[in-house]
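Both complexes below contain subunit A, partnered by subunit B and then by subunit C.
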Partner chain A sequence: MDKVLRNRKAALVFLLPALLVYLLTVLAPILWSMYFSFFSWDGVSDMLYIGFDNYTKMFGGDKTFWKAFSNNLIYVSIIVAMQVLLGLLVAILLTNITKGRELFKTLYFAPAIITSVAIAQLFQNVYSFEPVGILNFCLQQIGLGDWSKPWLSDLNWALSAVSVPEGWRYIGLYMIILYSALISIPADIEEAARIDGASSWNLFRSIKMPLIKPVLMVSIIMATTGALKGFDIPYIMTNGGPGRVTELLPTYMYKTAFSSLDFGYGSAMAVFIVIESLIAVAFIRRMMDSKET
Partner chain B sequence: MMKISGYSKAVLLVVSFALLVIQVYPLVWVFISSFKGPNDFSGDNPLSLPSQYTFDNYFNVWSKGNLGTYFSNSFIVAVTTIVLVILFSAMAAFVIEKMSFKWSQSVLFLFLCGIMIPIQVVLIPLFILYNKIGIINTLASLILPQVGFALPISIYLFVSFYKYISNEIMEAAVMDGCGVYQVFWRMIFPLSRNTIVTVVVMNLIFVWNEFIFANTFIHDLKSRTIPVGLMDYIGQYGLTDWGATFAAISITTIPTMVVYFMFNKSVISGMTAGATKG
Partner chain C sequence: MKRYVKWLTLSLSLVVLAAMVSACGGKNTNNGASETGSANPQKVDKKTYKWFVARGVDSPPAVTVKEIADEFSRTHPEFELVLEGTGDRPSYLQKLRTLIASNEMPAMFDTDPDAYASKLVEQGKLVDMKKLLEELGKYEDFRPVALQYQQFADGSMYTFPLEYGIEVFWYNIKMFKDLGLEPPKTFDEFMEVAEKLKQSGVTPIAVDGKDKWPVLRYLAYKPFRMTGNDFIENVKQGKASFKDPAGMEGIKFVHDLGTKGYFQQGFTATDYTAARDLYLSGKAGMYYMGSWETMNFVNDKVSAEMKDNIGFFRLPMMEGATTADNDYFINSGIGVAFNQETFDDTMKEFVKFLLEQYPKAYTEKGQFSPFNYSLDQEQGMPELFYKIQDEIAKSGNVFAVPWDTRLDPATNELLGNELNALALGAHTPEEFAELMDQAIKENAPKYFK
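== the complex of A and B ==
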């Protein structure tokens, strides 16, 4: 048996296709990006080695970079709050529903399977001012007509407006992850706490929360890294505008590379996005761990 | 489970239902609006039903646009990507989990790193590479990176399934004279039917909806896939033909919806696995 499975040639035949495609399309390009980030290059003329100039430009003088960075933080906060908090709320609601749980889950998850282009177009319509879109129409109906505005071109609201659709579409995903964690809590733990007279809130705060904390942490990490690379919806809805109020790092990087044809600087930003995601993961783990003790 | 009764139960039901409406109604609304005529879109009640149901939008997007081309491109990309992902990841996972060799854990780790990688970081190098080797504007430029990015989670799913296959049954097959290829093709691969379904449906949805690669590597109408094609109905001055857009969204979402409602457990489990394996 061991002899059959220790077949070196077969192992290579089986492993090589996956390894080759993966190396060629995922791993090698990361290294190339790092390499390109030390050059000034428009894709046509000769590559010019400029050392860390792209990075000093990025951290030093580029105001748009920092604007995009701070926009990204707001974008991430809105999305993580929506996905994890609302996801948790719905998950708790779901544990209290007896009938139609499966149908509820299935329907709730539905927005996650639709292309981001369609989501962006749907929300463009929701936010529309002229002709009146769903959001402004609803505001008018409940007597808040004064609040109606062209959300996507309003300097104060555009960033929130492009963040909400991305948060909205994956609430169902986090709801299901957190729901599975909640229903895996053994029933006797809960009963024991009930008998001791714990209220629903206390039960949730002191018993359920600690038990689902690992899953909650994973959810926060995934929502954060997912939002850090958020691109499609802001790119399609506003393309960074008006001005730079909805510019995010991925959209800025994309425009730098493919509109301004500054491949070197674009690569430096791409490298930054990877590092930023890694730092975010480490930071969240740290925070959640220190809370425990 | 937590039991709540009477008044609070009613509140809970109302809240749950309201949240469900917020989540699902917009999708229903897109579908309803696809039957509206042009006058209905300039009206002052976006939530109203069509004043007259019309199939004009569907007729227009199908006959005037390039939707047929986009459909067949998306179909080719999806089928090719998924076949390659299934074969490559099932085989690689078999080597990693069952043919344990010295570096199998390192290879697995190398693949799992891919789950963390944001797609944006590979765009520039791949764009340059594809230009050099001349596959920009071809469907191959979409298939290759999508296979690459689908491999990590697919391999992870296959490896976790293979863990449950006992070595005894493989041993029995070997005793009967099966070689390693036969053990895989006749036994392990057919046994993993459930994992195959999960990987297929999950990737079908991801690939069908993929936007960034398609927007970056394809500039030629002939090789365009559906997501980018959905933006065709934005005319000059940014005015969108909403009837056509909603009809196009409705038609192109039908395949994913059908797959989703047929295999919703597999879709959900695949996508949550993708999200939680950080």
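== the complex of A and C ==
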């Protein structure tokens, strides 16, 4: 068997089925969307070729599109901050304890396996104002009753409110990834640094951070692309409303295609989301790499 | 040895490929077998008809139809009706439209006579229901309004109704009595009542903002009182403007209700059952909803104290109204359409059977049917049921059409979203009118020629 694994041709042959599946399920739909994006089509009547009109509309006159785009950036920053920063913090704390480590790991990871619908329902109850939800109840109990508000209906707070559940949900996932990276650092490096008199902060900044950087980069890329296609929780909780304050590109794309019945324009947005994600990945790589020098 | 390994890898990869190819092709051969049914000659060929239901498969209309279909299958073993339901309207519509776009239209499905349905009619995909009902001699059995509601603006009809409902403001009798309030007769009185309720510390109106159509009703009340359905029929095509008096009155009404805090706080995130619970738990004074809720207001889950406190009043009047006080939102629910392609003799016979059995079976579930059929006092239904039944008998024959069944899909989508924002004070009424006029200008030409 060892010989099979070393045989390059065999490896190529075995890669083929996965590649086929990948092409069919990922690349084909993207190309298909690109094709659709040049048409005006409502799903019933004949398709009408309109060239780049959908793209002109998207970049030119559609205010909702840009509103959704800027909402999406805020959504991404909240989620990446929560998932990677809080994930890293929890991972570091975990490396410092021995007792109950498994318990904490399980508890933090639990939300990652709950379905989006359940999480959306859960947070709807947390944010609820009438009947009073947990968050508002707690605020009232600690004397901050003035701060309590219908979070999901508040024009200024709704976007943050729908971002938090998605961020919270995957803290555990990134905690596990970063925790694995942290414990894979050889103990002797740490010991050597301690002997040289490094403080915990110095140890973390100058030794641990550079060593886990590749993993950190992957985490940031995963969190960013995950948030760029963020859909289910905001869609279930507020459906993009009130008005457009929680509209994200994917929810707007979905509604344009399936509620407004403009499949062509929806496809143009889908293409935009793909390109935007690729740019984001390239951007993050560039930033992380340049830090090294 | 080396050669052996090479053969092994090659044959293994072939097996994998073969498995994949056969998995792809396998589905087709299976389908072919079940359609011809030649493998099993003794068994009767079952024809499965799918009904894609917009109201949840446990709703009274769906349950009643299913019961009748099962009974029909006993005499017609080849017939089988399968229900697939989604209670949530937006996702139902999205799923249905995706199915139709990919050429998989179900045999029966629920739809309003909206702009999308008229496109389907244009393509010749739906069964002409008016013709069918006349052919079966059942046209006269229906309440006239029930059938009118299912018609397109030109009078043609491609869906048939399963429900019948009037829409009223339900209110808390005890709460009104304690505060010395009377059920309002005009919109001015309505605002006064709401203000008094608010000052006494209760939520004046419970509303389901998440589904959007309940808030949309509030936008339609005043235009209906002022112009009947003329305003919506004109404005949807851009022949009238939201800046016209009728439009502005409607917009200001929603803006006032929202910004004065007459809807419950956070109403945009409140769903259907939560809004109803708010009213049923005595925390809100008024709740606008159709008569299909009647049995939910008298069942065992409602507290005894609340059960006797449920009253209702009609849509208020206003000065210069052109519609009478017994004209209001009356509807026969989302209708059922039949796929022209799968509509065969068996299906036709089933429809005939259904029309004969439905009125009695459905009404005895405590529902109001679209047929000329009512229950008398001896049947022992709750008091509220008979009160609503009387009210239905007294209702006029001009009825308000729901705007979401009239506007084109893209404008409708925008309207639902922005209306909630209007009620939260994010737009001024003028801005909102401008926004809607723009949307109509952009989208309506694709649907109304």
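Observations on the model:
To be clear about the criterion, the second predicted complex is superposed on the first by the 267 of 293 C-alpha atoms of A that agree within 3 Å, B and C clash if a C-alpha of one lies under 4 Å from a C-alpha of the other, contacts with A are read in each partner's own complex, and residues count from 1 in each chain.
Keep this in mind: a contact is a pair of C-beta atoms (placed from the backbone, for glycine too) under 8 Å apart; a residue touches a chain by one contact, two chains touch by 3 or more.
Note that this is a predicted model, so its numbers are computed, not measured.
Touch criterion met: A:Ser153 reaches subunit C, while subunit B stays clear of it. Judged by the touch definition given at the top, the superposed model places A:Asn7 against both subunit B and subunit C.
Touched residues of subunit A, counted separately for subunit B and subunit C, are more numerous for B.
When the two complexes are overlaid on their common chain A, residue A:Gly60 makes contact with neither subunit B nor subunit C. Of the two partner chains placed by the overlay, neither subunit B nor subunit C lies in contact with A:Gly145.
Of the two partner chains, subunit B is the only one touched by A:Asn125; subunit C is not.
Of the two partner chains placed by superposition, A:Pro210 touches none, neither subunit B nor subunit C. Touch criterion met: A:Ser260 reaches subunit C, while subunit B stays clear of it. Once chain A of one complex is fitted onto chain A of the other, the partner contacts of A:Arg244 are limited to subunit C, with no touch recorded for subunit B. Note: residues 4, 7, 10, 13-14, 17, 43, 124, 128, 131, 254, 258, 263 of subunit A belong to the subunit B contact set and to the subunit C contact set alike, using the contact criterion stated above. Those residues of subunit A lying in contact with subunit B across their complex are 1, 4-8, 10-11, 13-15, 17-19, 21-22, 24-30, 32-33, 36, 43, 86, 89-90, 93-97, 104-118, 121-122, 124-126, 128, 131-134, 137, 168, 171-174, 176-177, 180, 183, 187, 190, 200, 203, 215, 218-219, 221-222, 225-226, 228-229, 231-232, 236, 250, 253-254, 257-258, 263, 266-267, 270-271, 273-274, 277-278, 281. If you check the complex, the residues on subunit C that touch subunit A are 2, 5-6, 8-10, 13, 16-17, 20, 90, 93-94, 97-98, 100-101, 116, 119-120, 122-123, 203, 209-210, 264-270, 278, 283, 409-410, 412-414, 417-418, 420-421, 424, 426-427, 443, 446. Those residues of subunit A lying in contact with subunit C across their complex are 3-4, 7, 9-10, 13-14, 16-17, 20, 42-45, 124, 127-131, 149-153, 155, 237-245, 254-255, 258-263. For subunit B in complex with subunit A, the residues that touch the partner chain are 1-2, 4, 9, 12-13, 15-16, 19-20, 22-24, 26-27, 29-30, 41-47, 84, 87-89, 91-92, 94-96, 98-101, 107, 110-111, 114, 116-129, 131, 144-145, 147-149, 151-152, 155, 167, 170-171, 174-175, 178-181, 183-184, 205, 208-209, 211-212, 216, 226-228, 230-231, 240, 242, 245, 249, 252-253, 256-257, 260-261, 264, 267-268, 271-272, 275-276, 278.
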